[in-house]
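In what comes next, subunit A is part of two complexes: it sits with subunit B in the first one and with subunit C in the second one.
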Partner chain A sequence: MEVLSTIFNVALIVATIRTTAPILLVALGGSFTTKAGIFNIGLEGQMLIAAFFAVLGSIWTGSSLGGLVIGVAAALVFALVFAVLVISFRANEVVVGLALNILAGGMTISLMKAIFGTRGSIVGRGIVGLPKVQIPGARDILGPYAQLISGYTPLIYVAFIAVPLLILIYGRTRLGLYIRVVGEKPEAAEALGISIAKVRYTAALLCGLLAGLAGAHMSLGYITMFTENMSSGRGFMAVAILIFSGGDPWRVLAGCLLFGFADALSLRLQTFGFPSYLVLAVPYTVALTALFALSWKARPKLIRETIETMQRALSVHPAKSETPDTRSNRS
Partner chain B sequence: MTFAVELKGITKRFGAFTANSGIDLAVRQGEIHAIIGENGAGKTTLMNVLFGLLQPDEGTISINGKTMAIDSPAVAINEGLGMVHQHFKLVPSLTVADNIFLGMEIRRSGLIDRAAQVERTRALSQKFGLKVDAQERVAGLSVGIEQRIEILKVLARNARTIILDEPTAVLTPQESRDLFETLRSFVDDGMTVIFISHHLEEVMAVSDTITVLRDGRVVATRPKQELTKRELVRLMVGRDVSFDRRPREATQGDAVLEVNDLWARDDRRLAALKSASFSVRAGEIVGIAGVAGNGQTELAEVLSGLREASHGSAKLYGQEITGHTPAEIRARGLAHVPGDRLARGVDRNASLSTNILMGRQRKAPFAKNGIINWSVVQDEMRALIKRFDIRARGPKDVAKSLSGGNIQKVVLAREFTAGGDMLLIDQPSRGVDIGAQEAIHDEIMQQRAEGRAILLISTQLDELKALADRIIVMFEGRIMGTVEGNTMDEDTIGLMMAGVDPSDVKEHE
Partner chain C sequence: MKTALLPDGLTRTLAGQVLAFAVALSLGAVIILLIDENPVTVFMTLMRGAFGDAEKIAGTLLQTTPILICGIAACIGLRGGMFNVGIEGQLFLGGFAAAWVGFAFALPPVLHVVVAIACAILAGAAWVAIPAFFRVRYGTNEVVSTILANYIAILLTSYFTIFLFKRPGGWSETPPILATAYLPELFSFSRLNVGLLIGLFLAIATAVFFRWASTGYGVTMVGSAPKFAEYGGINVRKVGFGVLLASGAVGGLAGGVETLGVHHRFMEGFAPGFGFDGLIAALLANGSPIGTIFTALFFGALRAGSLLLEVDTTASREIITVIQALIILAVSADLMMRRRGDRTGERRWKF
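Presenting the complex of A and B:
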């Protein structure tokens, strides 16, 4: 009991909010592309490149804001390249996304070597982290619970405010409406003279913006350093959450909180001496299990049919279930 | 006199293919002008030129007497043209009002003003007598209502000349009738309607002037009064085509298919087929009439083994077929021409030979020791191409490169030669040209003469009238009654299709 109460306390909630923020930012970014009908697997790369350039920018300019701007700019460049290749040149989105992810990984390593002459990580060297926002009066009113709402870096507030903001954008603005229409029924947009390309470019760049913020938060937030491949699959987790949420902001938030909680929990468990390689797998396992459970109810027709066919094939009278008819049905 | 729309010498080429060749078309203000022609006659191309979706290679377009270049739909809309496309372009997750105002949203301080949009939608709906629920989501609405929304969309953009491309292709007869009334009221208000169709009855019923296209040229433009249906067909097809009841001999034999108290559910798990009982004898064509979606699809699927029956029995040659797989039912002698030929009839991306092989890939002479003998398959396909007059270059053509009518002939060719003596034919001439339709009917009559039992499901009464010995009418999954083919009366069937009991019908008379 005592162990449990040391694990589950206010600090855990605070940690959850902290770990949720970057993945929430990048997933909300991906929400734009998902809604616009683009499968953007390149979130990971955009995040990583932003994290690197944010560190670089903060050293150059000597300010965290400068780092933030440069980091976001780098992510936007990646988003733009993605958009040009996928939207204008109609390249395959998965191939382009993966290529950009690999490029981001390799580019950060070689730039690190070229600029800093090191491998692994950049620490110190004048990196300026993001300031923490103290909400005035929070401590007086909430006492020990003040840390729940106060003392985070600005981007954490941005991440959580972005959720209702996106709902407003999708529900009440022309841009949001067009993004949805372009994703759901491009022919309708085309027939009404809405430029599909323009809307998709906008969505891709908005995605780059939020992915860039997520990346900058990773390297300038609670830890001020850059390490190789420091996004460690968060971009891919975001992609998974997006697939299961369909880009809906509330569901994205729920998915991200789950992942963030598991992440925070695993950090906490590490301090209790559980083997670290097992603990590090916890967030991914939890997230995958939950997503699988969620999707099971609404599992796609293809999976359902495959299972039915397999059941039939394994049943007592298998013989002729695989007929030309059932085969042509699926085509 | 100024015309609402006047086209002069419009020619449109796609590479070596000329879709429209020197077309002259003059549409008077306040008339319903039908443009009729077979698939591929150039109707849709012409309308796309008029609406600015395509640019003509030659010719001029005048709208209300003003000659102009229409280089985008925006220009056309600005000139008061509105187009209702054949395939609706509505967004399912949005509401009716959102769809109508998509692209011209009413906004207040940067945000979309939903209340105002709903208000305007209601006003439009009332003014033009097109009933819709402005706040309902489009997903799940019937096609008839979807079409109303498309028309409202055009009206909201202040169109005075409305172009409808094959508007009735997806509608039930009742919905079509409602549509025609709406179009009439538009014309009474001084608007102009251009109506594209290949459906003769409708064109004769609703239009003032008819322009017939064939092979990209105008063959005739005449007031409706000066044309008969027969003449219209001759102009469209270029030869005489008969739609009369086919002569036949009474050749009925034993019952082949016996259906008794058969029930089935639809995909939403609701009862869609309720207590159907009937039989089909050898040498007989039994027609199933009904508005689409009244259980015919489910009936066909249960009989072919694609859907589970929830209750009751269906016997083919005395053997139960419910609960059996499609392959088992086929092995017992059922041949099935599915209603949705592209989804279930053919593999669009496969060659004609492959398509014809399906279902007999394990049988000699097409396969020996598990290895397919393609040269035999090709020969068979070549023979079938000849016998069924399939317009294809050869057996290696990919199915999707053929026209709808020819794809249907491929399906018929496979099913009619599959060796089954019970033919289940679902919508044989949906989306098929008149010429091809006649050939398909010939083939069905031939099958009847050879003593096969035929269950013919069709939403086209003409077709059933021409072919069926008996017509069973379905409504909401139930059989409303049976009518003898030679004495059938369209009004009685129409009432039964609308759910009126036949005994009430008699009293009514």
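Presenting the complex of A and C:
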């Protein structure tokens, strides 16, 4: 009995890691735009279009890598359109993001009908899924726990490695510093001679890259198929995570693990005969509750920071060290 | 040309809109070519499907009705500075509430409709109340919270329909509503009903409210210049909450009209995308309720035309979604606008 419960727990953790990865990838992508001061609601559409073109690419090229590249390219095109409209044409972010989401939904269905002559979903037809990485020796050392670290698709490792990588980028590189300055104090960035547009374009394209990987993982990862609107709100959940995490990679990871767990648990509950509609609503409810709960908790901090800022603005002797660099490092 | 009679800004705005439409339609044509169809054929089929004969025109108006009401809901939100993206969810809950009153209670004819519509309105307002509360009290982004609420609303209504109120032997739908709760139909040859008149009345009433009522002016100010409104003595939070609640109520009304007037029952996925179409129509009309009548008509025509498109050509009806999205993208870019040199200033899109 004890063994059974252990395996059950391990399986649940493995499922959590699997469901966390795509949302983690897309949320980390959104972290770039969030830090650069762009509210990117178009993550959903970028994921969806990448998922579709990844399937298409894997059929055309006959390899999962080809699918991955084409899927990411499609997401980058969407990210570029978003960037051009929002940054260069200064259109409203929410409007452009929502329109791109709608465009992705309509375009994937239209193209699916035109290319495959079907509605609903594409299954089989020579789609090549991503390979599973078996870490050599893992089974010998960890025994039944080996599946915790071995046997995932490469993108899952990429997702989790990206978390410390992003921290390094934000904390240790010029690009990361520029992104944060542009997001937190655009005036200061302008005064320093940083091209805000260039930095925001870079952030938007990096976001497209990661969202594309997330989308490709959706359709080529554990399920090798494309379904109409298969991103089903994952991109919006990522935006919810970004709002309460402020784009900080560790907090993004924590939020994504929460949703991954909710997702994995809901799949499990389905097998126990709970009504599937209610079970499917669990991740959305968790996202919404977390969004509300954390915005409620963040309130005192917000007031504190506002008071601090006002004191600084009103003080006769502004602190000498208040350059953008130190300001942004503090947070 | 009468351009000289119009103020300079308006001329530029109109020219910009026309240019945006042209760009969007040519991009749409390219995409139609990509899926191996002739853009001219597609366009003519759409027109024939939308305005071919009296029945087709009635069909267009039938599709226009929910888009118009949802568009008004979005307009109310936009004018008050709130992006209510959750109209879709409010529509579903409103539709279910109206259907429930319609089949579960036996009431006299007119009263039945009134009670069902009232329940739909209440359901819509109640569904948006929680996101609205957190928006005005704690500043929780309403775009994301209402989008997530959409998914929950759709799954919840599906659950109600299939697990609690399924019609025996039926296919994921509730029992039909009683005839006393039917909205009266306008013509004998179509399901077009008084819902359209409700929508038109609502559009005019909203326009009048924003144009002449002092409360309406206050709401517009809260939307476009919240600081100014606050110094003017308006309770910005209260107004914001009221705006979202009103927007949700109208969204619920749209659902009620759709179930009582068209389907006469609640089905799973009964009104796909009307909420989003309404939001797009309102955005395209720049938050003007009267303008929304025309944009809603345009989208209604596209929807009605797309039904014939799917029959007559191999193109999928979702191609109109692509065209709609392209139009919004082109309009939002506002190609004619003179842009300021700096890149840090405030964002555009004000009403």
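The rule is simple: the second predicted complex is superposed on the first by the 291 of 331 C-alpha atoms of A that agree within 3 Å, B and C clash if a C-alpha of one lies under 4 Å from a C-alpha of the other, contacts with A are read in each partner's own complex, and residues count from 1 in each chain.
We take it that a residue touches a chain if its C-beta (ideal position, glycine included) is under 8 Å from a C-beta of that chain, and two chains touch if they have at least 3 such contacts.
The structure displayed is predicted, hence computed values, not measured ones.
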Partner chain(s) touched by A:L100 [first = subunit B, second = subunit C, both, neither]: second
First (subunit B), second (subunit C), both or neither touched by A:R180: first
Touched partner set for A:Y170, first subunit B, second subunit C, both or neither: neither
Which partner, subunit B or subunit C, touches more subunit A residues: C
Which superposed partner A:T285 touches (first subunit B, second subunit C, both, neither): second
Subunit B versus subunit C as contact partner of A:I194, first or second or both or neither: first
Subunit B versus subunit C as contact partner of A:F160, first or second or both or neither: neither
Shared contact residues on subunit A - subunit B and subunit C: 187, 190
Touching residues on subunit C, where the partner in the complex is subunit A: 31, 34-37, 83, 85, 130, 134, 138-141, 143-145, 147-149, 151-152, 155-156, 158-159, 162-163, 276, 279-280, 283, 314-316, 318-322, 324-326, 328-329, 332-335, 339, 342-344, 347-349
Of subunit A, residues touching subunit B in the complex: 168, 172-174, 177, 180-181, 184-185, 187-188, 190-194, 320-321, 323-326, 328-329, 331
Complex contacts: residues of subunit B adjacent to subunit A: 72-74, 85, 87, 89-94, 98-99, 102-103, 105, 107, 110-112, 114, 304-306, 325-328, 330, 343-344, 346-349, 358-359, 361
Of all residues in subunit A, those that touch subunit C in their complex: 39, 41, 81, 85, 87, 89-96, 98-100, 102-103, 105-107, 109-115, 117, 119, 186-187, 189-190, 196-197, 232-233, 236-237, 239-240, 243, 275, 277-278, 280-281, 284-285, 287-288, 291-292, 295-296, 298-299, 302
